[in-house]
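Chain naming follows the written order as A, B, C, D, E, F, G and H, and within any one chain the residues start at number 1.
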């Protein structure tokens, strides 16, 4: 049965259903509803919810709980995520599974509280030091928030790696009907590496990212690289829509992808050959999917709520073969279907042998 | 007259000579010598040096001093820089000039204390939220550390933007002869926007990155974008060396570029047509310079002390026309001239019409 | 019969409407700060630091140079300003989430350094800006959106008395807790704020005034009811008074033998 | 005549050489912690948290499960562990730079929450690991690499007495400051560490033992000279003793009327 | 079917809740729905609005730029949102507290004295429900019974006694939109 | 000219300072120089080493992988670094505290009883300076007077009284490398 | 005759009633009308009782009052 | 006869001399030789004076000692 839920609350409920029993976080608009919801919900399932003194403390509590084998998460919005950068790097370095939700707001600095996608670089290229990777999933509906939470927790455990859910403020605060999965429980028993106390085990487990012997630290880095390569080959997710011989291909993710989809539908209704690709995993990036969708393309368009952070990834995906244009709104402004439609029309007209159907 | 100086101390002395009279920082290997040097030196010129309680406090002290019109800096190494990500985003958002030195060590997490270049993404793509940009300068000798410090402070003031000096641990701790510039003084008088107290001024100055009106915040973002475009066109710096019709072009920065240069010299001595490009500004990236240097290239090689973070920028620079390979060492390991030379030879042999001179 | 003006808007209070909810004490304290600045004649040389919290827009509300700081970092920002402009008067204005949660390290160390700044600390026992979560100062049993069953010491810990905490340091020179729930207390608050600024102007060092304040919106009470709640709950837990004065401040100790 | 063993390596102390400098007190305190773990019979259910500081490699030195925390964040990490494994014994081991500088907020809030963990706090008045910079606990006049003319309160502020600072909170249940400069004090320290762990095992809440320690390398003195320096300088400034015990811990207050 | 609606008014008027009811009712009737709260700068101020889409097909953009219908419960909302309605669309205005000053002739304006009716019903808080009734009548987007069903889901059991009152409010609003021709102005 | 040298030994032997003197002297003699301290894992341990390059042309890599010369002041350094020296290179070993166990025959090993000589000079701390004297003699990379000049720059004025002692140490080291053939083994 | 009086900047009043609560002479009340911000602004309903004590001014969070007192 | 004795794990000794300093019977001293770590390890030079008081064990940062005491 579907129920109508706000994105933030759906994220929270989905976490509980995915077996998450530990949440540490600090309030920040537009995602405070997550901790508020869990403050009521977690005790019902015997879970822990703790309002930390800061985002720095939150992410380090997550580090501790993950080290001890728990299925654990935190959530925040852009400035709060910046404060977690050191912690994220530690989590990646020590190979601890956990889930981090970023309901992005406009930046830089304190910026504003309205929706944004301006943390794409931060999410896909680190944020923290040392060049680690997180699996980054970008839902574009409340239902997908729910679905990706479960997937995210599972993949975090599978790869012993942090997973980032990158949502925008719109998604966090809008309501849509969702189908919720069954409540499930997980245990630390299948994490033999975790620091759970010996309880009879003969060797002591150590959770750590330090190694002062460079040869050994290099081996560790190579091991991480290997893992990232595995993720890159197994965990690419995207969705394609529109004409397979599209002349203009639009790439967008998150809520913006829905706006783009409406615009693409309109363009196709008017006879243009247009398609769109919606990356669901932002890292690994669906380069192959985008390349394939744009075999016949003469123009690419990237639409984001930022100044054009995904553009380079799209250029790389198409091997800089097709000109890649950008349309974006910033500062909390959300582009309209009409704006995107006009961009598509303009690009379509740019194509030399342009024929209106 | 040249004097023999350690990189860290040269950075510190160069800051003083560039008119920097305020330093806030927190000890971390391999750059603690900067604050230790300044603890002695700053009082001699009437400047301020304060050991903050953390990197978070340091960057926010920098924010305050920059807001008040001072020529100010901090320095740290990788994990410490991660803790500054929120502050960096605020500095960029509020358009405050300042200089941040990152003497990189191996990561992720606590990693090690040996040299690395694994913060390239963090430096060039943010670190903090909101998609801001810092001018990133990467010296490759102690002398260049000195020269780029002055340039960095000047550019920070010119653009009202943070400037990052991205050095590796090797550079911070090695000694080389340097020529130091004259001591200069600067004043906040030419920063009419600064929060220096009214002192007769009729309107009050506000240093701020918040705007809750999205239309206005978008205008601010567009203004920043404009500024970044200006920087991107005016502040690209790089150095090219080798054959103009090189068949293999190597790209490297920082100390690694010196190792590469030795390898390239050796390859050319053996008759191969090889060139190298050394980006000095990592953002803006010298795409045009690299593209030009590789007009005749059949293979590109990127060498870094990380898992290959600059590779995408090089691919974009050459429009994905030439295959770009990577060679790197990690975890504090430094590649040798021999290793790089062998890479060059192997690539040179890959070229179909390979003829040994 | 002629009338003379006995009360008017202070000059340091910019003549703009504030965004505060009706009856919110932030407005009163803003005025008191402005009056202190006017009376001490330092409007021309004062730099204020706004927090992240309901007072984030305070940069618009005082007609002095203002710097907006990241959440909790106002004391560090003020330190940066004061160190490079030691002759100007620098103050921060912070809420209890900002100062006593995320900004704990910054306030403790500014106080320990005896940093010569003035801190105005608004303790309304909740996060107002984000609409009513638990703060470090939330009372036991108090209901907030993150303590829906009331603050439980087992799960959420104990409220922090900031003034007493800082009083355990040698650094601070002036520490007081006040309220603005009565005209009399308001006058005490005004004097405390003035004394705090005076400390700084005389070069004596770190001063902080904690003002117990209402948050009608998060407390779910009307402004007048809030006054009663504050009197019945906040004041008993957070005793009013000056706890540190320049005269009673520990003197600098004799230096130890170096190494 | 037969001899019986009256002293040997505790089981919880892993049988490996440490990287500590000769004569460094870290080694002694490590052993005392291990002895407490052994004596309380909790080696099988203990999880330790190593800091960033000279004790960073402590994860190799105790034969219990260990987690290495980011600089200053050990109390947050321990909180994360304890909340998901409330029946295990969780402790942190931190230096004064780690705990009293960058980690100030984390230790204050863990204490305020009465988080049921044990903190072993090594106060050697300097940053040992990074070779001798000023710490928040550095004495006035003390020479370090960042206070080359001696710590000057005007520029560098005042040393922080962590135990007294935390004692200003309601949260902590056991707080003590000790030293290992004499066999007698070492025994007091051992008892304090044991008492701290007992607090946790009994579910009473937050305990911390501050151990005044030597750092021969950063102090520039040989280990035996260090003992004298500690006695003449550190102990006078940081009085030894138990300042909070479970019996004297403030009780939970009566809940206030919600909203 | 695809109806995009903006409901707007003052903070205390139950604007967001009305939108939520509409979305819930749509969902229960088997439609696709989205509900998006205001993203204007006025978030902390006294103004509130939300956008609701009801549709047969999956919904692309949940953001409503050119609504089919606007329910304006106060003057600022009427002034702002009536200009956005697509030609041929409907604007329902709360005529209890403002005059119709809409100058467009390509939209249908339904004037409903929401506060007056709510006061008559003895509960000022249902004014926006009255407007919702008019909305249902004017658009036929949903059966009023769907809203009643939605109320049953949204209200806690102990509040179900309020359902009849809300039913009345819906009906009174519908009546205005339907029958009391004097109050309905079709312009252009 | 282009000479790459590694100087290695225990922590207290003044290894880094000797390297710094060499670099300083090179610079004062108009050469290009670099000095890089150890980047081994043993940073905090008892072992220290540094790499110094003296060259006529600008120096590319400051990292020394295949030194021309190694000055090994203790056994672990001798064992580790003697294997890296390029064929034809020189290894100067402190024969006071270890035997020459180098098995290579393609390098010249100069055995210098550094500690013995230093003790004779009344200052155990100049042992590494003695080795430096042997280095200068064996490589002719610099005039000993350049080192003396460097000492004048590096030492604070109140320590200039130590210069003659260091001069003697250099000379004694050079003498070993030059004249006391008994102590010099050329292998292979 | 009134010993004092107040000027009220209606457009700044948020109708919080704090002044009404604190005025020792009970001479203030909220009006029925709205101001531009949508609040019921305060009114001096019993001007004759005003003493010019300025308590309203002190307690008003929005600096709505200017207070005058009889000069002697 | 000695009332106690100690086992010394030489290879772990860092020659810090703390045990030498604290031994109430003055029966410990550093040896001239080096151990593998390059330190002069401690020696029981006056075994006859050892009381088995274990103070050396307590004060040694490197857990070098095992201490035995006469059994009664």
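To be clear about the criterion, contacts are C-beta pairs under 8 Å (C-beta built on N, C-alpha and C of every residue); 3 or more make two chains touch, one makes a residue touch a chain.
It should be emphasised that the depicted structure is a prediction, and the values quoted were computed from it without experimental measurement.
Centroid distances built from C-alpha atoms place G farthest away from chain B.
Highest inter-chain contact count (C-beta pairs) belongs to A-B. Distance between chain centres (mean CA atoms), chain A to chain G: 54 Å. Computed from the mean C-alpha positions, the centre of chain C lies at a distance of 59 Å from the centre of chain H. Taking the mean of the C-alpha atoms as each chain's centre, chain A and chain B sit 28 Å apart. Work out the mean CA point of chain D and of chain E, and you get 63 Å between them. Residues of chain D found to touch two or more other chains are 56, 68, 70, 101-102, 104-105, 108-109, 136, 156. Residue positions of chain E touching 2 or more other chains, listed in rising order: 39, 43-44.
Annotation for chain G: residues 37 touch two or more other chains. The touching residues of chain H, counted against chain D in their complex, run 1, 4-5, 11-12, 14-18, 21-22, 37, 39, 52, 54-55, 57-63, 65-71. Interface of chain D with chain A (complex): residues 14, 43-47, 49-50, 56-57, 59-60, 62-70, 73, 76-85, 88-89, 105-106, 108-109. Within the complex formed with chain B, the residues of chain F that make contact are 20, 23-24, 27, 32-37, 39, 43, 59-63, 65-66. In the complex of the two chains, the chain A residues touching chain C come out as 26-29, 32, 35-36, 39-40, 50-51, 53-56, 79, 109-110. Those residues of chain D that touch chain C in the complex are listed here as 101-105, 108-109, 112-115, 136, 139-143, 150, 153, 156-161, 164-165, 167-171, 219-221, 229, 232-233, 237, 250, 252-259.
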